[in-house]
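Think of it as A, B, C and D in the order they're written, each chain with its own count starting at 1.
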């Protein structure tokens, strides 16, 4: 019986095989035949959307393009003449890709096309399309509808920087001029208002002063300015960047000059930061570590969360020097924004002057000093050991912090 | 030609004698069979149309194939059992 | 003629070299591949002796069948890389003495034997062997042997499959 | 000698454009364009690829068995290329018209296996090893139906000589054999003599209609022989990376690919010679309309060469195209399905065919 069934199955197999093979060949042959023509793009709503299944589907992109719907949500465009620099878009942006520096005008400078008066110049209005997530929130929130999404979707560039599209149309000269005007205007004004504004202005000046010194410093400084005002969002970046700048600031300012200077030329601003951190840690930890990695940026994000999580543990352990500072600061004082900046800038100055201010600072100082000591030693050595030493330190920091945190 | 056949035979013999690995021994046997073939064909050259030598060597080849198949089957089976193909270690007939 | 002589010695050289290589090498796999070379060399020699059919059969059966089997056997018994491919040698002296002795004996007999005087030897080399006559004699004079060989092969095939069981299906490939 | 040179050059050129054709065919089947940028309609794409391949570094894995690894592609290529030695290209232009032509071809192609084994073992990579073992198992399994189909043809033709097999399918047969007679379906009793009609009627697939099935079996087995999809489990990309040539790069890899395409061409040539009339035109003579003679020159003349080469090559290339078509149509077979197909279906069928064509041959006399 079974054998008979098997035999039946055997012949059936052959038949199905032949049938299916034939069908398959027919299908592909049909496709091959239809490949002479090209499919036109049909919108899904069309009635015949499913009708033409064959024919070539490829769009030879740079040569041919599919039409984009008019309401396409691709590259952002800002009509700067209509912009009142309200900063709403920058605030609502979930990925912080809009970077605005407002510059207050002395009087109304015109009207937008819908009649809203413009009172603020945009000293800088950059949209980083590399960061943009095309959510369209900024366009919704824009009161004058000057910020729109266009149908341009191919804006690839060879340089990453080119994705950072500037929309502000003021020349540096104009900016300077307007600033002066504003300054004069402010001076003319009296009372407490004037004082507040003066705070802002010097800061900006300091920032502009720092620019010529270190190339990388600029982006770092700017965020502070907005950060100083209302932006809480910007903070995470700030400490890290500040660290990088500080050394340069320190050089011109305070004692550690002899120690720091040699490092600075050898390494870039960012690198300088690490030596500071590393010697301190190295002194504390003094274990033989191999130079593993350079991922400096990695350090920062890690450090911060750790601080927050492990404030108590960090206080007891010397390992996480800086992380300790920041969390403490917010915890201790209410001002979140200001402090991070202050300690970092001050670091160089503080060791001598402000030793007894707050907990974090004392923690910092010993490190700095140790660093200097070590740095002196290491400087006497060749360059290679120095370089090696820096990377070594960083990797240590992260794992140890996390480990110790967890363990503790 | 005959010299070559003799050489092959002797090397085959040598290999069979001196190797421990079952497959190596098999290779030696194949060599010996082939040298026999060589001789058969050589002599059949002097034997115009009867072709006995060639036909006989054809049979030899066939038998060699059968032999190799069976022998290798045995070797593999033995290997599975003893975990070695070393002939000296396969010395128990307890199966 | 010149070219043929060169080719002849070329094949003979290949054969001799690879045979000696088998004797010397300790790597089974190399021995197997050298064996291929031997068989090809021998096949070439067969062609020179007018036995084209045998030569091709040699390649087809030995190289395409037996050697692949051998290599598969090596792969299967050496656990796919787990084990070294080296083999030990032993009784070198005896082995060498015996085979060298027999070799000497052969050489001596070949030289002393007057093959050309054998009664059935035809002095004129009839080079071309008619394939047709080969086939005919296979199917007439030697038909019994042919059938027996066929059955033997079948039995060996079944036997090999039975012995190796599920372990290897290549046993059937020998056919 | 000339045939040798011709086939060498032809093989190289053919491979370049076969790769191009393969990409185009696959693209069209999948509603794409395929290469379009290099050269007009992408024609120079393969040439560019080839240039790139030749410039590439010859990487030999550190742990590879170099003595086996290095010569393996050469052996594979040699085995395939040696097969071309006996192919008749036209009625008067053939490499070696050895008596045992087809038998030699089968044997020499099986040398391919050795190269694959060497490559697989020498690479010291599990993918290569598995690929090689699968490849060898597959090639050996499918050699049986392939060989049996050859046996069928040989029984019908009564010769192993490829050139003679082709002559039997042509209108010129009686030039080499005055007693030659061809009948429709090969059966004399039907009384329709086709000796001078030629064309498709004298092809082996119609000299013995059994050969139609035989041709299909032969074609399937030849796909497996050249490791082509749907029988490409030896190099199943999704599981084995590249099969036995996983570890190869640059020129050696190019050589392996060259042999794969060479193998495709070789089996196509073989199929054409054995079943599809070799260098003969498919147009028959109809009465006084001598289509067959018009479209095939007399052997030995220039026209004979040109027509012969034209028919031969275009038929072979057509088969290659069908191979590609098949490749891009069917999914890959599983290993057990592959073995099932060979041992349970093709082999019994071909044994049966051998028996039947022996009977047919009796009817033909």
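As a working rule, contacts are C-beta pairs under 8 Å (C-beta built on N, C-alpha and C of every residue); 3 or more make two chains touch, one makes a residue touch a chain.
Per UniProt, the chains are C = NADH-quinone oxidoreductase subunit J; D = NADH-quinone oxidoreductase subunit H.
Values in this document were obtained by computation on a predicted structure and should not be read as measured data.
Chains that count as touching both chain A and chain D, per the definition above, do not exist in this structure.
The two chains most heavily joined by C-beta contacts are B-C.
Taking the mean of all protein C-alpha atoms as the reference point, the chain centroid lying nearest to it belongs to D. Centre-to-centre, using mean CA coordinates, chain B is 8 Å away from chain C. Taking each chain's centre as the mean of its C-alpha atoms, chain C lies 29 Å from chain D.
For this pair, chain A with chain B, the centres built from the Cα atoms lie 75 Å apart. Mean C-alpha position of chain B lies 34 Å from that of chain D.
Counting partner chains per residue, chain C shows two or more touched chains at residues 53, 57, 65, 72, 173, 175. Viewed as a network of touching protein chains, the structure reduces to a simple linear path.
Touching chain pairs in this entry, ordered by label, are A-D, B-C, C-D.
Taken together, the chain C residues at the contact with chain D in this complex read 29-30, 33, 36, 52-53, 56-57, 59-60, 63-65, 67-68, 71-72, 75, 80-81, 131, 169-170, 172-173, 175. By the touch criterion stated above, chain B contacts chain C in their complex at residues 1-4, 6-11, 13-15, 17-24, 26-27, 30-31, 34, 37-38, 41-51, 54-55, 57-59, 61-70, 72-77, 79-80, 85-86. Partner chain B is touched in their complex by these residues of chain C: 12, 15-16, 19-20, 22-23, 28, 31-32, 35, 38-39, 42, 45-46, 49-51, 53-54, 57-58, 61-62, 65-66, 69-70, 72-74, 76-77, 87-92, 94-96, 98-100, 102-103, 106-107, 110, 115-116, 118, 120-126, 129-130, 133-134, 137-138, 142, 145, 149, 152-153, 155-157, 159-161, 163-165, 167-168, 171, 173-175. Contacts from chain D toward chain C in the complex involve residues 65, 67-68, 98-100, 103-104, 106-108, 110-111, 113-114, 117-118, 121, 124, 126, 129, 133, 136-137, 140-141, 143-144, 160, 339, 343. Contact residues on chain A toward chain D in their complex (touch as defined above): 10, 13-14, 21, 24-25, 27-29, 31-32, 34-35, 39, 54-58, 60.
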